[in-house]
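Each of the next two complexes has chain A plus one more chain, namely chain B in the first and chain C in the second.
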Partner chain A sequence: MASVNILDYEILTSQGDLKESVNKIKDDKTKISFRKNIPFYSFEEKITQNQKSIYDALKKLISKIVLKLSDDSKKSTALLVGTSIIDWNLVDAINSCAYEYKKTSYNSHKTSIDTYAKNLSDEFGLNGFTMTINTACTSSANALLEASNLINSGIVDNVIVVGLEIYLPLMSDGFYKMELISNTHAKPFDKNRDGLVLGEAIGAILVGKSDSKWSLLGGFSNCNSATITSVGASGDECVEVIEEALDRLKLTPKDITALKAHATGSISNDEAEMNAISRVFKNGIDFTAMKPYIGHTIGASGVVEIALFMGCIDGGFIPKTLFCDESISKTHMPLTKHKECKEGLFMCNYFGFGGNNISLVIEKKS
Partner chain B sequence: MKLYIKNFSSYRSDKEEIDIKKTLKQKYKYDTRRQDAFIHLAVYGAKLLSEKVEIKPDDEFYLTSGVGNIDVVQRTNTTVYENNEALKLFDFINLLGNTTSYYVASALGLKSKNIFQISDNFTYINSLISLYASINNSKKDAILCAIDLLSEPPEITKRVFGADEVQKMCSSVNYQKFSLSKKDAIAEIEFDAKIYSLEEIKAQLVYNNHQIETSKTKMFETLASYKVNDALKDGSDLVFIECFEDRYKILKLKSLR
Partner chain C sequence: MKKVAINIINAHKIYAKTKLEDLDEKRLVPSMMVRRRLTRNSKVMLYLSDRCNFSGTKIVYGTCYSELQEAAKMADAVINNGLLSPTSFQNSVYNTAPSYYSLINKNKDEVITVSSGMKTSLDTLKTAALQALVSKEQILCVAVECINIPNIEEVNRCTSYLEAGVAVTLEIADDMIGAKEIEDSYRVDGIIDSLQDLMSVVGMYENSIKKIVVEL
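Let's look at the complex of A and B:
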């Protein structure tokens, strides 16, 4: 499996931009807020659920990356988005004609959830290949692997991979209805964990073949879960993607320096993931979770958590797992203190709704 | 880029009137509960494909659509915002694009890569490019589903497809199974990532000995996939030119029968 290099990355989370987010993690100063009395990691500056607000936020973030590209590079740069947000153009169309009292005169434009990507590609003079992937929690992680394939097949030289998730009451209500939301904090792998906390974030990672200290070595993605909403308690499905990713990269568990777990804080998924970690990494592994810092950013989590994790390594440390006081495993405990680390091979796992699971391996060379 | 097509399946609502849910239950003994019409249409197409070609658990799967499951967005919007009622659990689950691809994977026994994706202009051709890039690296075979379900009222679909108000619309689902290997293939399909201008596209019209299709009006967004299947059914060659805002993309299909 051929690797691609990670050339640039930017994020905006509830804790601020990349630098601010990393610093708040390092200094234990991350903050949680509430939406409708439910814990939620909100942007400091509100992004509302409409096309313009979302587009402007994406444009501002992506421009930080695009402005560093030459005109020639832009023409061979594709744009992939991973998200699970609702298509607001579609909602507008529904509101314009499905309810008699709201009906407006006929007006039609070709739109879809990919319209953000298409318009951004046009505005920044990118090469026009755009795609928006919705595989729930694995959306932008899958987009990263798809980007790697596009580059390694010689179709484009670079890809900007975007993760996008903003506060959506429907999504919050859905998770709440499934009794998956904690009333306090996400406490991944802790015996007293009681659910996840959602968050909003956007992120962008530029991948390509130019030299870089960071690279995406590859990974493995599949859809093979016990049910549509969770993996089985044994962790079999998680083991499968982790081992297949290692196998494809000709790596062994011992080669992995540390692991960024999916670690939602939900009862069943944490149990499955911990079983998988302890089965694959029998001799132990340093592992941690990003969700207690920024929330579960669903479709954006692939890009945003990897970028945040890279930011921490660039800052010289692997972050501890907040709120895990007593591990559900007798043999495996997530990091309880920040650990110094500046380079290595890192596995990033995502196990999500819709049966989609993915394991990626990134590397930072000295 | 070139791929070989092992087989295909096709359904179009204006050509054939079928009660899909009933057919899934009675003919295929398929459990349709918790799903909706969009998912049923996708699974129906998958079942048709499985009757024509061997499906292997490690076949990769891509599902694309012009807009996705319009019905579930409308239903949710009506429930929550118009009627002020609580969100229904299975509507929430079905809102996620990959719910549909999960059900298709389950119906086909797939345990492989599974991607639900939409590209704004050329969703079928761009999905072919993604699929090609993926199996070029994995060396697996892959299945592509292209699906559009006409919602009620049809005006919703027309508004988001950029269609004229009087344009007739329909539902359609089309599958192909692709491989990098020519063995047992019924056709080869060529495409590239390039977006052509009108002048460049005119130069492509030298393929006068081929059936040439252009599409400026579409009864559904993934018409290109249907046209490919239509040509496959006849064993004919096809050059398909798709147009969006004066940008063009080309597919070239050559029968191997």
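Let's look at the complex of A and C:
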């Protein structure tokens, strides 16, 4: 499997831009907020739920990356979006016809979910190849693998991979009503964990062949679920994807410096993931979770968590896992203190709804 | 842009004004418990994959409107403080149909779900061609739209057929010789635009044009 280099990355999370988010993690100053009395990691400056507002936020973020590209590079740069947000014209349609007591006017000329990618590509003079992937929690992680395919097939030289997730009442209320949301914090791998906390974020990663200290070595994505929503408690499905990723890259568990877990803080998925970590990394591994800092950003989490993790490594540390006081495993415990680290091989895992699972490996060379 | 040629191995399309009947569910999904949970998109996808005799493992699935029926049920429950059905919540994500396919067929390979508005089936085809190019394997490329929900007539401006699906199995061709561009003349009148590009490919296949150019 041929690798691609990670040339640039930017994020906007509830904690601010990349630098602000990393600094708040380092200094233990991340904050959680609430939406409709439900814990939620919101942007400091609200991005309203309409296409223009979302587009403007994406444009501002991506312009930081595109401005560094030459005109020739732009012409060979594709743009992929990974998101799980529902199409806004879909929401409008539902609003207009599903609730019989509350009719609203419906404008059928609204643009669709892929419009962000196509319009951004046009606006920045990019190559024109766009794709919008929607595989729940693994959306933008899958987009990273597709970007790698595009580059290694010689179709484009660079790809900007975007992760996008904005607060959506339907999704937030849905998770809450299903009693999947914690009333306080996500506590990944802790014995007293009681659910996840959602968050909004956007992120962009530029991958290509130019030299860089960071690279995406590759990984493995599949669709295999014990049920339609989750992996089995044994962690078999997680083990499968982790081991296949390692095999394809000709790596062993010992080669991995540290692991960024999916770690939602939910009862069943954490159990499955911990079982998988214990089984694959029998001799132990430094592992951590990003969600207690920025929330579960669903479709954006692939890009945003990797970018944030890289930002922390660039800052010289692997972040600790917040709120894990007593691990559910007797043998494996996530990091309880920030750990100094400046380079190495890092595995990033995502295990999502519908059994879409993916394991990626990134590397930072000194 | 790079052009590649794909061989269409099998193809099938299906559509109905209101509801697709006889999707052969009992044979395709013997377990009654699983069958009861399936969404409309899932049933159509399972049917199409069977009609295409797909025996491979890599799938690219596309949908513009996703699981509209399940999303509407969920929205209604949230707004009215009603009981939110766990099944509807679980079934509301875009990748529900291929996930059920994987579960039922014990398929454990890569599955990509694409949503690109009215260009969904074209982008699904492009993604499938890319997958075929990289993996050298056969790919199932399928796109489905089922939007038959209560009061849909009040907002429907885009289709005469509330349930429709289209699928091809494809592989990368060795060369471009004889490969044809997708021809709009094979579109099916009244079908939602998000499916039309793939409908054209199926139409070409039915007219013995089985080698297609895809621009990546």
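Just so we're on the same page, the second predicted complex is superposed on the first by the 343 of 366 C-alpha atoms of A that agree within 3 Å, B and C clash if a C-alpha of one lies under 4 Å from a C-alpha of the other, contacts with A are read in each partner's own complex, and residues count from 1 in each chain.
Heads up, the rule we're going with is that contacts are C-beta pairs under 8 Å (C-beta built on N, C-alpha and C of every residue); 3 or more make two chains touch, one makes a residue touch a chain.
A quick note: this is a predicted structure, and the numbers were derived from the prediction, not measured.
Enquirer: For A:S70 in the superposed arrangement: first (chain B), second (chain C), both or neither?
Expert: After superposing on A, A:S70 lies clear of both chain B and chain C.
Enquirer: Under the stated touch criterion, which partner chain does A:N283 make contact with: chain B (first), chain C (second), both, or neither?
Expert: Touch partners of A:N283: none, neither chain B nor chain C.
Enquirer: Would you sort A:N37 into first (chain B), second (chain C), both or neither based on which partner it touches?
Expert: Once the two structures are laid over each other on A, A:N37 reaches no partner at all.
Enquirer: Contact-wise, after the overlay, does A:M178 reach chain B, chain C, both or neither (first, second, both, neither)?
Expert: both
Enquirer: Examine A:I133 and indicate which partner it touches, taking first as chain B and second as chain C; both and neither are also allowed.
Expert: Once the two structures are laid over each other on A, A:I133 reaches both partners.
Enquirer: Give one of first, second, both or neither to describe whether A:S366 is in contact with chain B, with chain C, with both, or with none.
Expert: Touch partners of A:S366: none, neither chain B nor chain C.
Enquirer: For A:A2, select first, second, both or neither according to whether it touches chain B, chain C, the two together, or no partner.
Expert: first
Enquirer: Does any part of chain A touch chain B in one structure and chain C in the other, and if so which residues?
Expert: Shared contact residues on chain A (touching chain B in one complex, chain C in the other): 84, 86-87, 90-91, 93-99, 106, 108, 111-115, 127-136, 142, 146, 149-150, 152-153, 155, 169-170, 173-174, 177-178, 221-225, 228-229, 353-356.
Enquirer: Which residues of chain A touch chain B once you look at their complex with the stated criterion?
Expert: 1-2, 84, 86-87, 89-91, 93-99, 106-115, 117-118, 127-136, 142, 146, 148-150, 152-153, 155-156, 169-171, 173-174, 177-178, 221-225, 228-229, 353-356
Enquirer: Please output the residues of chain B touching chain A within their complex, sorted ascending.
Expert: It is residues 1, 61, 66-68, 70, 73-74, 76-78, 80, 82, 86-87, 89, 92-93, 95-99, 101-103, 105, 110-121, 123, 126-127, 129-130, 132-134, 136-137, 153, 155-156, 158-165, 193, 195, 244, 247 of chain B that touch chain A.
Enquirer: Given the complex with chain C, which residues does chain A contribute to the contact?
Expert: 84, 86-87, 90-100, 102-103, 106, 108, 111-115, 127-136, 142, 146, 149-150, 152-155, 169-170, 173-174, 177-178, 221-225, 227-229, 240, 353-356
Enquirer: So in the complex, the part of chain C that touches chain A is made up of which residues?
Expert: My answer: residues 1-2, 37, 59, 64-66, 68, 71-72, 74-80, 84, 86, 89-96, 98-100, 102-103, 107-120, 123, 126-127, 130-131, 133-134, 149-152, 154-155, 157-158, 216.
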